[in-house]
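Residue numbering begins at 1 within each chain, and the chains themselves are lettered A, B, C, D, E and F in the order written.
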Amino acid sequence: MSVIIDSHAHLVAPPAFYGYRANLLASGGYYKGSPGISDDALAASAANNVKIMDSVGTDIQLLCPRPFHQMHSAKPEQVVHWWIEANNDLIARTVAMHPSRFAGVAGLPVCAGRPVTEALPELNRAVNDLGFVGVSLNPDPNEGIGHGPGLDDEYWYPLWEAMVDLDVPALIHSSGCFNGRESYSEHFVTEESIAILTLLRGEVFQKFPGLRIIVSHGGGSVPYQIGRWQAEVLSPGLGGDPNSTRFEVQLRQLYFDTVLHWPLALELLFKTVGPDRCLFGTEKPGSGSAINPETGRGFDDLKPVIEAMDFLTAEDREAIFENNARLVFPRLKIGG
Amino acid sequence: MSVIIDSHAHLVAPPAFYGYRANLLASGGYYKGSPGISDDALAASAANNVKIMDSVGTDIQLLCPRPFHQMHSAKPEQVVHWWIEANNDLIARTVAMHPSRFAGVAGLPVCAGRPVTEALPELNRAVNDLGFVGVSLNPDPNEGIGHGPGLDDEYWYPLWEAMVDLDVPALIHSSGCFNGRESYSEHFVTEESIAILTLLRGEVFQKFPGLRIIVSHGGGSVPYQIGRWQAEVLSPGLGGDPNSTRFEVQLRQLYFDTVLHWPLALELLFKTVGPDRCLFGTEKPGSGSAINPETGRGFDDLKPVIEAMDFLTAEDREAIFENNARLVFPRLKIGG
Amino acid sequence: MSVIIDSHAHLVAPPAFYGYRANLLASGGYYKGSPGISDDALAASAANNVKIMDSVGTDIQLLCPRPFHQMHSAKPEQVVHWWIEANNDLIARTVAMHPSRFAGVAGLPVCAGRPVTEALPELNRAVNDLGFVGVSLNPDPNEGIGHGPGLDDEYWYPLWEAMVDLDVPALIHSSGCFNGRESYSEHFVTEESIAILTLLRGEVFQKFPGLRIIVSHGGGSVPYQIGRWQAEVLSPGLGGDPNSTRFEVQLRQLYFDTVLHWPLALELLFKTVGPDRCLFGTEKPGSGSAINPETGRGFDDLKPVIEAMDFLTAEDREAIFENNARLVFPRLKIGG
Amino acid sequence: MSVIIDSHAHLVAPPAFYGYRANLLASGGYYKGSPGISDDALAASAANNVKIMDSVGTDIQLLCPRPFHQMHSAKPEQVVHWWIEANNDLIARTVAMHPSRFAGVAGLPVCAGRPVTEALPELNRAVNDLGFVGVSLNPDPNEGIGHGPGLDDEYWYPLWEAMVDLDVPALIHSSGCFNGRESYSEHFVTEESIAILTLLRGEVFQKFPGLRIIVSHGGGSVPYQIGRWQAEVLSPGLGGDPNSTRFEVQLRQLYFDTVLHWPLALELLFKTVGPDRCLFGTEKPGSGSAINPETGRGFDDLKPVIEAMDFLTAEDREAIFENNARLVFPRLKIGG
Amino acid sequence: MSVIIDSHAHLVAPPAFYGYRANLLASGGYYKGSPGISDDALAASAANNVKIMDSVGTDIQLLCPRPFHQMHSAKPEQVVHWWIEANNDLIARTVAMHPSRFAGVAGLPVCAGRPVTEALPELNRAVNDLGFVGVSLNPDPNEGIGHGPGLDDEYWYPLWEAMVDLDVPALIHSSGCFNGRESYSEHFVTEESIAILTLLRGEVFQKFPGLRIIVSHGGGSVPYQIGRWQAEVLSPGLGGDPNSTRFEVQLRQLYFDTVLHWPLALELLFKTVGPDRCLFGTEKPGSGSAINPETGRGFDDLKPVIEAMDFLTAEDREAIFENNARLVFPRLKIGG
Amino acid sequence: MSVIIDSHAHLVAPPAFYGYRANLLASGGYYKGSPGISDDALAASAANNVKIMDSVGTDIQLLCPRPFHQMHSAKPEQVVHWWIEANNDLIARTVAMHPSRFAGVAGLPVCAGRPVTEALPELNRAVNDLGFVGVSLNPDPNEGIGHGPGLDDEYWYPLWEAMVDLDVPALIHSSGCFNGRESYSEHFVTEESIAILTLLRGEVFQKFPGLRIIVSHGGGSVPYQIGRWQAEVLSPGLGGDPNSTRFEVQLRQLYFDTVLHWPLALELLFKTVGPDRCLFGTEKPGSGSAINPETGRGFDDLKPVIEAMDFLTAEDREAIFENNARLVFPRLKIGG
């Protein structure tokens, strides 16, 4: 039986931690200060998380910062660095409290309008010093305002190189959204779709064959809209070529998590990209934790949903629940 | 047996028509000129379209302007008016050539940064003078640059009111995209998703109960990501309320077309929103016209795909192919 | 002997309250949510404040929101309204816990780039519903970026009119500063100086003779630089007139608090503007709470400093400690 | 008895000189032309200045350009260079007419948005060719609009290095102000305060130990507001450290002039920063030349004010009137 | 024999007058001050001008402000008002000194980005109080930066209406130019061309039949490039119509001055627009005052050039030298 | 008798070619596609052009892209490259169809805001691979919006160098205009004037003595306004010098075409710059093709106009019609 690894989970910190974030923003970068979260306060949060995991049968959570709080577009950028470092520190302290239940996935201080190389020292610190096993990557540091380089742009190459060297994957997950048209949650889906299509349009996987990318929330809109892209890559009038690699083949260069709270969508995902490209993820507690009145369980209680899917083999389920995660996150050693 | 009505189709015009568009842009609005498309040239285009319809069993197409050419953000806005009017004129001429096979769905000169009321004269002309049965509506006249009002904003109310008065529906379909991160085609999906979520967040359907909106391409990402929004509307921590109307119920205030070229996606759509909210559409010839190497047919040859779906009843299919369109477009009289 | 009234004090809230501020900012205005501060948590903060007051002999504190957290330039402006209202609510709850020790001075949601009239409903709520006795006014809602109207501009007239009608004074105090050249604390001084000079340049006190304005931190730079302005108003070459009202007379249309932590500066203030224009204020706990190594007391322990000043009469001291505050804040009834 | 050296004085030029400035601005940088100030016209201005000096007992004035006319933000920047050079030339001609009464302090063409290195050729010309003994430095070349680098920024390092090499000090004095909230004169005070706090926050004096900086107008607001900064540097919650060097010690790395026209302010200055850090300055004729109705003398007639201060020793007065200036301006040789 | 009226001449003011302009700009609008030009200084300038007129046989000059100094784009706009008023005042004083030799043509404070109506009080003052006979109009108050409304725009209608009511003409003459591509002098020509073509494109002369417009410098490029516009108005492909009023006829709705310093150009002008549309003008002393090495006379000594033209009749010459000016400036009474 | 060479003529392409331009713009640079102009369609256009040439006696046309369609300011700049290349390709195909009647003058992808060096590969391709004999150069790639470097700026030096190396001249001709004040056609004249004055102001011809520049449309306004510039270069008060090279001598460093449709203007041009600097050009079919009602011939039928000018010698005419073109375009070999 599989170890159940939830590849998409977030730090649950005491509310005062976000008071620190407010201080950083209000001070305009003049004072760094300190979050001041005591061990007791943190331990209470962590224990609560473990309790939630136990209630749904999750063995291990990979924790990254709460995405919509990452504020990659905040200025001056120094506050972003301070804040992301504080997040990674708090994750590391949480992991240290429950080393068999949690592992760290680092936030990265990729700041709007700044070279991605400025995030690399924190990447190295997180992996080498704090023992993190992956990173969370916001493909839109402008947070919905401004038009930064797509993931196929050379802007990102130094990050890809560093990730390959460190043998860690990235979970694609945008942060806030301030364009007044989408909530941050809606922007997550937009950016996941853009990330996939941009990566496949470019030469990233050709240049960085060791790169591993997981797209959150079942890949945004792409598995659902796949017919559109299948036709496009074959259609000369739309910039395609009848001899191109089929889109569904290209798509399998990526990984996807299962943070979709609708069984039909999960089914479409598995059948479209293949169970071998999917990692169990629930983001619990989070976007899906409301109780579904029809089932009496949280929308994000996905383990029984997946277990009930007839079309999956036992091997498929093991891949989804554990084995794919172990392949994608080779630095994850616990629970094995 | 149903009359097959394709609710999502576009004007196929001679290439020189787009030369007129180029002239308008290049002249900076100084000269209006004329498209200069002869009856012969137009007849050849129209005949070709009819031939394509016949090849896949479509009886009627509802024609609107080619979306990505609408240039709603072009300046000065006068050129947008001239161009959209020229499109509607050409559609009207095409309809007049094959009155039993085509009906017109009007482009609207909703210009970036201008009041929506400036588009109403053309709306009235299209319906009252040209006999059009619906409109095509770009929810993002800024074309990916700039952050205009969402569809829940009062900005749009005069249009909703006029549409209700005229008893015509709108097909939501964005135009170009110039943010450098998404192609226009990818932006279609983004904007369809934003349109749905924004409309449901606001009070549009409460204030305009007679309003009918069809969302292109199977509703962008929303039916696939529905679990996310089902949970959100019930979750106080995310701005929701456990006593809210369920999201899947809210969603059924809208209509969707079937311009998805992936059978699994069509299945998800029908099962998620219900066959009574779906209108047959293929956008043929268009985004899905490439030949699927596995089937030897166009990706957009959707009639046999739908006919083969066991879980649909005969009544469902009639609704999808014809009856829903007749309800949504009551001004469509032909073929009945 | 006087009741000691500290006219310049700030809400001391649990850190999680600022976590709520972070949530508001991160969500981009999509969710209002709630601060979620329990009575217990708030009571602990309030009790601590009372203890600090007792330690320095303060009888009454007039509490307003912590200034640098007011975020008047945040967008969308809805979050500013929500946040300021939450501050005023928390102050009201604190006052209710110690009604003989605290009174409320309201924050105002004057938002950058928006009419001041949009802040008036909260002003009325604070005074009429919550029983507040004055307001805290940020003369620079742009928070150091952008150049909004000076206090002499007609922009502010509706506020002056409402304040006069409600018989409440304003404490001038800027909020954050994001120009990268000054810290918010340095910007306080800049804006206090600008506020004084702008008010005196304009016709505000002529048009609103009942208006009462207190300038924080001893009036910024103005009492110290007064010679410069005395000369200017008399000098034709600098826009002045030898027959003008002397500047030191004009200056006495305003009030000043004593939040200066340097005895020589306090002395200059009293001698320059007169004890009858000065209100005791310490902002404790706050900017001056560090221990002065020379005295072993906080820099902000100003009561003994003032009591030791020989040049002040007993009447002067009573004015400073209590009577001026009672004149300026006529709605303050406690302790009398 | 001391030689009375006024360290803060400005070129008094014939009005037509500013007509040249108007020409430069109006021509948009197309024509350089020439100021066309005759020796006779200049001699008349200079003689008048000497007469004023004699009337108040000033022996030597250090002349720099009239600050608010420096136009460091004018575009194209070529006109700034031409204009500042013309000022320095006119100062040099004035000095040549009265070599025992005047010495030159150079304006610098530090242009908004341009590297400070572009001002170094004129610095070298002024010191090496024209015999100037110091420079006047505007810390805000953006003139109140835009947010340039603070004086602690590396942007300014090449200037500090050149000044140390040439052994000349800088008098901090901003130029115009176009933000619509402050007059240029008010902005002087703002910028002097920012200059002090920014310099002390950074590492400028550590990296350039030979650097000498004089802050105009008695240091803006800082000596008056010193308690605020004393507390801050000791307060961890405000970015300070209880073991920091006391602020009043840090402050004595700078020099201050006495251009305060209020005796109480002068007293506060001397007692707060020490007479050994103060240089006699009057800016006469200038901001303080109006007649004080109470004394019948100009506000800027400061020599008798200082002579009447009992708390100053004879040595203090000699330092203020002459000796500090000789230490700070070692290139000043006259009158010794 | 004709009275020689130079319709295009500029105030010659003492250089210190432009020092006042510099003061206004430097002070950012805080101080109005006064130009301080004495009667003696002005009389010297005026006498010199009369001497120049006598040297070339000019009887009367119509004086307007020196154009490139008008600074219509300066901010805050208050300084433009002060400056233009000061110009008109100085012109009025000059006229009063030589009432038989000069008449006034008013500068107008049409400020960039402000309604033209704000210039009307000064227009009325100039005509009704100061006795001016016309206005000088800058069609580009943005001075080469920014794209304001063309002269055919409704923006200008209130000015046209007021001019017709007052029965005064406008001399079109732009001011400075700050786009870095053209000198102000080159921009004069650009704007004169734009003014003509824009006026003829619109409906200005249809709506304001009493309007009289004189275009400086022989009409910019238009008489020379007339063939281009003759063809355009007749060419459907370029927005024209074969039945349009011929361009050369349209062009004669305007008047032109003779400030062209090249005899061949003057000849082309007279032959192209007709002598009855041309007003003698020299702008002397000004752009053409350099000595032509071939003739030994100023380029702007145009009277003998015109007198030598055989193809002109005596009547033509009288029209050019005097009669046209009397028709266009009916308020000009002197010399008749 | 001369071979009649029309040095200023434009590609006449089928309207569908501009449909390709519209596609490029609408797609935002995502798809390159292909113009899809068949040989038959192109041959028809070319044959029509030859017929027009025959009708007016033109032997050879030098074809460059239709200027106002060049869209040098379009973004992303990739579409400009694709479009200009497509133009040059179509010109090359046209030349290949009638090698004795046409030669190619290349469009250049000089993109707004990008280094001119990015246009050099296409320059080399056009000359070396396609056999073109010159280039068409837009001096304002910003197309009326934005203020790019003048032709005297070092920005352009790499182009001048490459042109000299390849021994090809440039025809100065701007493209579109989007400032809302000028039509593109009016902007041509503006930019030609700026080009001349900027080139003569700088050091271009000193640094690149082999450079050859032809200014379209008879040199904009410059030959007509020459008196203004003759005076300026000699006038110290306007930045000139009495010992300068006379302007009319400087002007003869340039060449001019005869695309003026007004005989008086042609006469002025020949007499002002000399017949040896003028190249026959008609731009036919184009701006002057409307029929002149007075002559019954096209305004652009200039051959008989020039032939009828008495003041020209036979040698002059040969120079204008043929010999000057052969000197300026040494790579032009046909017809000789």
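Criterion: a contact is a pair of C-beta atoms (placed from the backbone, for glycine too) under 8 Å apart; a residue touches a chain by one contact, two chains touch by 3 or more.
The structure displayed is predicted, hence computed values, not measured ones.
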Name, by label, each chain that touches both members of the pair subunit B and subunit E.
C, F
Can you check which chain pair, E-F or C-E, has more C-beta pairs in contact?
E-F
Going by residue numbers, if over half of the contact pairs line up, that's a repeat, so tell me which of B-E, A-C or C-D repeats B-F.
A-C
Chain at maximum distance from subunit C, centres defined as averaged CA atoms
F
Where the centres are mean C-alpha positions, what is the separation of subunit A from subunit B, in Å?
33
Where the CA atoms of subunit A average out and where those of subunit D average out, how many Å apart are those spots?
56
Subunit C-subunit F separation of Cα centroids, rounded to whole Å
68
Could you say which residues in subunit A touch two or more other chains, in rising order?
27, 30, 180, 183, 238
Chain contact graph: line, ring, star, complete or other?
other
Taking the top-of-page definition of touch, could you list the pairs of chains it picks out?
A-B, A-C, A-D, A-F, B-C, B-E, B-F, C-D, C-E, D-E, D-F, E-F
Residue ranges of subunit B touching subunit E (in the complex, touch as defined)
27, 30-33
Which residues of subunit E touch subunit D once you look at their complex with the stated criterion?
14-23, 25-30, 36, 68-69, 71, 75-76, 144, 176-178, 180, 183-184
Using the touch definition from the top, list the residues of subunit A that touch subunit B in their complex.
145, 147-148, 150, 179-183, 185-186, 189-190, 193-194, 197-198, 217-218, 220-221, 223-228, 230-232, 234-235, 238, 240, 242, 246, 260-262, 264-265, 268, 271-272, 287-293, 298-300
Going by the contact rule at the top, pick out the subunit C residues touching subunit E in the complex.
237-239
